[in-house]
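Some structures are shown below for you to check.
Two complexes follow with subunit A in common, the first pairing it with subunit B and the second with subunit C.
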Partner chain A sequence: MTTYLRASEIIRKPVVTLGGEDVAQVKDILFDASKGRIRGFTLTGRGLLSGPLHRELLWRNVHRLGPDAVMVRTGNALEDDDSTAQSAVEEPGGGNVLGIAMTTRSGTRLGTITDAIIETGATPVVAGYELESPGHGSVLVPVAGPVTVSSERVLVPDETAEHSAGTLESFGTAAEGLRRRLEQDAQEKQED
Partner chain B sequence: MDWWIWLVIVVAVLAAAGAALVALQARRRSGGVIAQGRRPRGRRSGS
Partner chain C sequence: MLFTRAQGEDVVELSSAATLGTVTACTLAPSPARISGLRLKTRGRGGRHMLAWKDVESFGPDAVTVRDASRLRREKEIESGQQTHPDHDPIGKPVLTEAGEARGTVLDVEFDEQTGRVSRLLTAEEQFSGDDLVGVGGYAVVVGDTSR
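Up next, the complex of A and B:
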């Protein structure tokens, strides 16, 4: 069964070893914009006064993403630096997607991204976004097909606007509907 | 000036510094969802 989580539910989760030691706390979620795959996490230290750790946790080193903690085997699972995250921010097409706009390819602004929806599993992916939409409030919008992420906006196919969901429970249906619609459109184009 | 005026000033300065520190710390610890990659393409969802 596919489970969806908001990114905000993962951010600030403690990173805990199988020995029970709290080694860090999740700060940022890093994802590969080309496929939506979660690559890992940047970290902060534990405690109110601690700042960013300048170390990162790659997804391949995560033992389990639990409801209350990100589990790793040992403290050695953390990378010694945060070079992956730093290069991501500096690259064109990289950066934080929270707070930027989502726009369709025909130029309609759907809203401002307030959260990302993560599809959990062996390889978790960013399956959609939560938007603050003018006139509609908070809506969950799936992503499928060609999606472009820049530092200023996420560009999605026009059909995306017709497959939004109001709650996380109905998000799966919306995501499936959009996927089928895009497949159908692609098939019709091939036939033409 | 009366001593209590100095006390009020010191307390106000300390409160402002404390609030600034808390805001700075919250900003340092706040998280995000960071895209990686140049000219990205799409993904298949709901699989």
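Up next, the complex of A and C:
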């Protein structure tokens, strides 16, 4: 079963070992927008007044990302802050996509990104974005095909605009629709 | 037997026939799922104690017997890595699948009083086979992602 989550919902979720211990809490998502991947999470301690943990959870150490917890095998899955994880945040396109514009390749601005939609499961990917769109309010748009990210905008194929959804429940259908459409277009191009 | 039925049973010392305390809770260990220890409320011995399952002589319908009081350990002295640490008490903890999905709260545990093997974990809505138990920790009871 494919489940979609807003990235903002993952924040503050507990990180739980298969032994049932909560070892940390998600502070933020280390996100590689250009590849559409989650690199990992930054963490805070559990509890009301606990400060940031100077440790990170890299994706390869995540057992499963679920709707109620991020599961890891053992507490050893948390890594001390290291240079690889740090540099991920600094990379172009690896930083914050919130507040930047989504624009089609032919130059139509679809809206401002307010959240990312994560497809959960064994290999989670960024399946789309939530946009605040002038005149339409909040819409969920899937991403597929060539996506280019700069610090100012995310550029998506024109077809993206036709496959948006209003709710997370209908997002799967929209994502599947866009995927098929882009496949079809690619086939037609080959046949020409 | 359901563990909630065993709660309140007297723990009796065989050498003296005296009551050492009463059963309040248990701790579980996985693969195979089993009761690793009993948590006791003791009288005049300074608070809570733990009785490892291997030191239970007999688990009867009305009393649990133990050879002598030296088998009891103070709960405070049990280190966190040990199977009988109170963190491994499942009752009242949320069930999380290994896929990270919450599935209710453990209300009861069905176990075999001869062997201590756990056959089922019960929540208000569901039951999970003991075979699916992955771990019990301070935060949650983790089960495999197979049963639904």
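Operating definition for what follows: the second predicted complex is superposed on the first by the 174 of 192 C-alpha atoms of A that agree within 3 Å, B and C clash if a C-alpha of one lies under 4 Å from a C-alpha of the other, contacts with A are read in each partner's own complex, and residues count from 1 in each chain.
Note that a residue touches a chain if its C-beta (ideal position, glycine included) is under 8 Å from a C-beta of that chain, and two chains touch if they have at least 3 such contacts.
On a predicted model such as this, the values are computed, not experimentally measured, just so you know.
Engineer: Report for A:Gly172: first if it touches subunit B alone, second if subunit C alone, otherwise both or neither.
Structural biologist: Once the two structures are laid over each other on A, A:Gly172 reaches subunit B alone.
Engineer: Is subunit A touched at more residues by subunit B or by subunit C?
Structural biologist: More residues of subunit A are touched by B.
Engineer: Between subunit B (first) and subunit C (second), which, if any, makes contact with A:Ala69: first, second, both or neither?
Structural biologist: In the superposition, A:Ala69 touches subunit C alone.
Engineer: Determine, under the contact definition given at the top, whether A:Ala77 touches first (subunit B), second (subunit C), both, or neither.
Structural biologist: In the superposed model, A:Ala77 contacts neither subunit B nor subunit C.
Engineer: Check whether A:Thr17 is in contact with subunit B, with subunit C, with both or with neither, and answer first, second, both or neither.
Structural biologist: Second partner only.
Engineer: Which holds for A:Leu98: it touches subunit B only (first), subunit C only (second), both, or neither?
Structural biologist: The first partner, subunit B, only.
Engineer: Using the superposition on A, tell me which residues of subunit A are in contact with subunit B and, in the other complex, with subunit C.
Structural biologist: none
Engineer: Give the list of subunit C residues in touch with subunit A in this complex.
Structural biologist: Residues of subunit C touching subunit A: 87, 93, 96-102, 134-142, 145.
Engineer: Any idea which subunit A residues touch subunit C in the complex?
Structural biologist: For this pair, the touching residues of subunit A are 14, 16-22, 63-71, 120-121.
Engineer: Within their complex, state which residues of subunit B touch subunit A.
Structural biologist: Result: residues 25, 28-46 of subunit B touch subunit A.
Engineer: Using the touch rule from the top, collect the residues of subunit A that touch subunit B in their complex.
Structural biologist: For subunit A paired with subunit B, touching residues are 2, 7-8, 11-12, 25-37, 39, 42, 44, 48-49, 51-52, 84-85, 87-89, 91-98, 115-116, 119, 125-128, 142-149, 172, 175-176, 178-179.
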